[in-house]
Amino acid sequence: MEYNRMELMICLASRFLEDESLVVVGTGAPCAAAMLAQSLYAPNLMIMFEAGGIGPLLPSMPISVGDSRTFYRALAAGSMPEVMETCQRGMVDYTFLGGAQIDMYGNINSTMIGRDFDRPKVRFPGSGGANDLASFCWRTMMITVQDARRFTNNIDFITSPGYLTGKGAREAAGLPPGSGPYKVITDLCVLGFEEESKRMQVESIHPGVTREQIIENTGFELLWSPDLLPSEPPTAEELKILREKVDPYRYIIGRN
Amino acid sequence: MPEQDFSLKEKKEVVYRPAGSRRLFCNPDADAAREYFHQKSRRKVDKTTTVAEAVKRLVCDGDYIGVGGFGSNRIPTAVLHEIVRRRKKNLGLAGHTATHDFQILVAGGCINRCDAAYIIGLEARGLSKSARRAVEQGEVEITEWTNAALAWRYKAAAMGLSFIPARSMMGTDTVKYSAAVEMECPFTGKKYLALPALYPDVAIIHVHRADVYGNCQIDGIMVSDYDLARAAKKLIITTEKLVPEEYIRRDPERTVIPYYLVDAVIEVPFGSYPGNMPYLYFSDEEHLQEWLQAEQEPESLEQFLQKYIYGVEDFWGYLNLRGGLARLSSLMQQENLVEK
Amino acid sequence: MPEQDFSLKEKKEVVYRPAGSRRLFCNPDADAAREYFHQKSRRKVDKTTTVAEAVKRLVCDGDYIGVGGFGSNRIPTAVLHEIVRRRKKNLGLAGHTATHDFQILVAGGCINRCDAAYIIGLEARGLSKSARRAVEQGEVEITEWTNAALAWRYKAAAMGLSFIPARSMMGTDTVKYSAAVEMECPFTGKKYLALPALYPDVAIIHVHRADVYGNCQIDGIMVSDYDLARAAKKLIITTEKLVPEEYIRRDPERTVIPYYLVDAVIEVPFGSYPGNMPYLYFSDEEHLQEWLQAEQEPESLEQFLQKYIYGVEDFWGYLNLRGGLARLSSLMQQENLVEK
Amino acid sequence: MEYNRMELMICLASRFLEDESLVVVGTGAPCAAAMLAQSLYAPNLMIMFEAGGIGPLLPSMPISVGDSRTFYRALAAGSMPEVMETCQRGMVDYTFLGGAQIDMYGNINSTMIGRDFDRPKVRFPGSGGANDLASFCWRTMMITVQDARRFTNNIDFITSPGYLTGKGAREAAGLPPGSGPYKVITDLCVLGFEEESKRMQVESIHPGVTREQIIENTGFELLWSPDLLPSEPPTAEELKILREKVDPYRYIIGRN
């Protein structure tokens, strides 16, 4: 069955979400992955949005993490402090982040390109809640296209913490122990983080993609899992639900 | 069981270190705020007025403002337009997911400083070119924070404190460009960040229902407005609907903003347009795209502002230009998931 | 306008001093709490059970407990009786306006330590002789706090912190017999008290409505239960009424306790009796006086407990002894101000 | 018109409450004084209770500061943090406290008699919210019968702060500046606090009471206002409203 790279990334991401867990998502692909997971793998995965929506029955993809869809027939219409404090308290299992740059420790830049803070070459929105979610949620994931400018150790601004400078660095900085980056799902492969170095490591390679392609599209030296596998392509069932139920208007999967 | 004791047994010397190097725009001192609140009127009188009058009286050049809702949801658009129309200058802004609100104020050249967590972007809709340009050219001085940090800075103020501890931001450049302080917990010795309380000069919040005294109800998510309403020195409320005091008293657990916090109440139906007002009307995505398009060039933006803000007398004028009730009715259907 | 900057400019040495000398019973460490919450089940399953089963499974000897409501209002009496009936021992208690709840647990000899803000008294009704005796004879170890301090200690825990600043207690003996720490604000240099977060082992809260998963609604004042529900490791809910999940989803702004905080749900109509359940039934003042009278002598108290707690199988037995529906119906009329 | 000492104290207290202000009260005489003030002098005095009731239309005297009456047809049914934080923020003008002992600086004991904390001779309930209210509200008042055991500098335990050891002591301890004891209304006189020393000072003497009686019933040296006045007895209107509307069942005024 044919699929595009956005569909592939969403399907792969959805499989990492365990049932009976809590996830804070934003708009777009992460939300689609969580909705797909709810339909297939994790019926009691509970979706939260940082503006206050808790456990909605999402009627469609939200356009803002604070729009009405995010608390449509929800279990609770709470507040931003409520959701953020639930994260800080250690009750939230997963979150998804995005950004313009990511380094080999999973540190993410969504603030600026350039080195002069007062005159950035390019200014992005900044943290929003991303830094908070990356600090507090047990497992942080990222869905992104992979290229060497984006995957770089020459990161201009660390907006949200990955493993900072390696193992133990989060804890030394004062961040809650045990949390951190978990998976990065790209259009080429799935990456995890090697236990000892906390560096990014390729865990599975997507169908039709070569090692060389991955290396070419990464600005830093990658580790390779000893258990390297081919990524399982989307199943017919995943694609059907994604296309018919999760994103029938192709807002997200049409962006390929 | 062993008689554990987790208290601090003897005095301990510790160090407070600046964790960030940027400017702290607002005085976090709780005593200064208490002085203000001491003299703030508690009069329970009819506070209804017009948007023009409220902005004239309560928003001063140089004020630091906090905006309710969430960027493009339940925002007080009518007041934001009036601030632009009256050409208010040198305002500070709490940029706690500031999207369309930031876009409006920056387009009007009203903002010169911002505590930024999320600015410039309109979430899934794209980036505001003029807001981006203003920040890239240094027209708006920025101190970095996160959404939770700003939410907690409001909370510290709402609690009547000058600071509150938090555990995010640490280890990142976000904190280096903030004005937070690194400290340690007196009980566990663990590293914490101290966030300064944020007492805005004026907050502007759009609600579903209010009585003439300012007792307010909000439906749906609260975002940070419970705390913002309490943190602010002056508070302007716009409301979809005025209701009798009796309506408020019938369901007192629904009151999230009591009257003594409020300085002005204005009934502005559709007052959050083109934002999304929960349970009432969805955001006007077409018009938000029109905004983003108009910002491509300074000239087109100027024309756009002329047409929709400077050139109309009030928010009704804007709504009429945007198609009036016919347009609004279709947004109401969208909000309520009516399929056509 | 001058470019004021309120940030801390350079590092500063400060001293943390114990402000009180008493024992801190519970570990305030947010990381220890995070470890617990990490493994806490988030299963959305039917959690309905019986009071007996919930107490057996979730209240262990030695546990530190927090009780919802306000002493004689919206208290979880059925669970408190069961704790006495099962002769639980060495419990710690957060004595945040603990009135009839404290009286019940001390009468049963269940409590050996207490963070006390308000204990022993029943407000306007008088003092509990047996509770007073237990404290005067040192059977209950006390650390002093205030109502706000305990409310904020819950709040610090609900926020996932290990401490929170506050401005009361200072200068008094109350603080000397607490376990608070004197510190200073990193921004203003002003003196503050640091309160340790309070993460109870188990909280017990009586609510108006809950679904089988534990999503709860409460009518009337919240007291400190929003924070208590979030601060506690284990949470037992008794509810006047079970409602379908659909009922909860119809009005999501009314959910104050979401299911993932909850370990057990028990439907106990009149579960706050002889306390006052807002909008449903008033307190049984006659029976509260009977309690105070019975406490005059150890023998009469023992007979009283035998009759109303040890001697009945469950809360229904107690309600029947107290006159059953006829009595309850008159309390319902009182609550609703029906004049006869 | 005849009146008893409880009626006198309540009427006198009610006159000190300015209109358009906020007051946190407990049960009993303070609540009656606030209700009387609302009827006669301060129609927009807003009554709050520490458990969360804000602006109720009190149908009768509450028996608990958290019972249903405290938020009957209220403007808001809030929470304890909400009310306490409103106080800490400096928005609340008045509060009333009670206690077993009070010293010349208005420090109050409601915790214990005796000097051994672990074996108190008599244990009382403790602070409840009293210490918080005394710390935060701008003006603290007390309604109490006066006798030499109660009015003593030999106070066993300072539960709630008055002026501690005199002028500037509250501020030195870290309490918010400008707040503190305002009036003590007893069955013999009305006392304020002298500006320089912050010591208790007699401001008006009730009808039929002598200076000697007041001295006899006070365990410390009192100051006397240079503007010493006779207390104005309750008016017929005050008594009528107090008896017919505020406390028709004489729960409070019957306690004389």
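Residue numbering begins at 1 within each chain, and the chains themselves are lettered A, B, C and D in the order written.
Convention: a contact is a pair of C-beta atoms (placed from the backbone, for glycine too) under 8 Å apart; a residue touches a chain by one contact, two chains touch by 3 or more.
Here the structure is a predicted model, which means the values were calculated and not measured.
Simply put, of C-D and A-C, more C-beta pairs touch at C-D.
Our note on geometry: chain A versus chain D, Cα centroid distance of 57 Å, whole angstroms. For this pair, chain C with chain D, the centres built from the Cα atoms lie 27 Å apart. Taking the mean of the C-alpha atoms as each chain's centre, chain B and chain C sit 34 Å apart. One simple way to say how far apart two chains are is to compare their mean CA positions; for chain A and chain C this gives 39 Å. Multi-chain contact residues of chain A (touching two or more other chains): 71, 77-78, 81, 87-88, 136, 176.
In chain C, 30-31, 152, 159-161, 166-167, 190, 192, 219-222, 252-253 are the positions where the chain touches two or more neighbouring chains simultaneously.
In terms of inter-chain touching, the protein chains here follow a pattern that is not a line, ring, star or complete graph. Contacts between chains, counted with the stated touch criterion, involve the pairs A-B, A-C, B-C, B-D, C-D.
If you check the complex, the residues on chain C that touch chain A are 30-31, 33-38, 40-44, 157-161, 215, 230, 245, 248-250, 252-253, 255, 258-260.
Residues of chain C touching chain B in their complex: 1, 3-18, 20, 22-31, 62, 90, 152, 159-167, 179, 181, 183, 185-188, 190, 192, 194, 196, 219-222, 252-253. Within the complex, the chain A residues that touch chain B are 26-28, 50-53, 59, 63-68, 70-71, 77-81, 84, 87-88, 107, 111, 117-132, 135-136, 157-161, 164, 169-170, 173-176. Interface residues of chain C facing chain D in the complex, by the touch rule stated above, are 69-73, 95-97, 99, 116-121, 123-125, 127, 132, 135-138, 141-142, 144-149, 151-152, 155, 166-174, 177, 182, 190-193, 219-227, 276, 278-279, 282-283, 285, 335, 337. Against chain B, in their complex, chain D makes its touches with residues 20-22, 44, 46, 54-55, 57, 71, 73-78, 81, 85-91, 93, 136, 138, 176-178.
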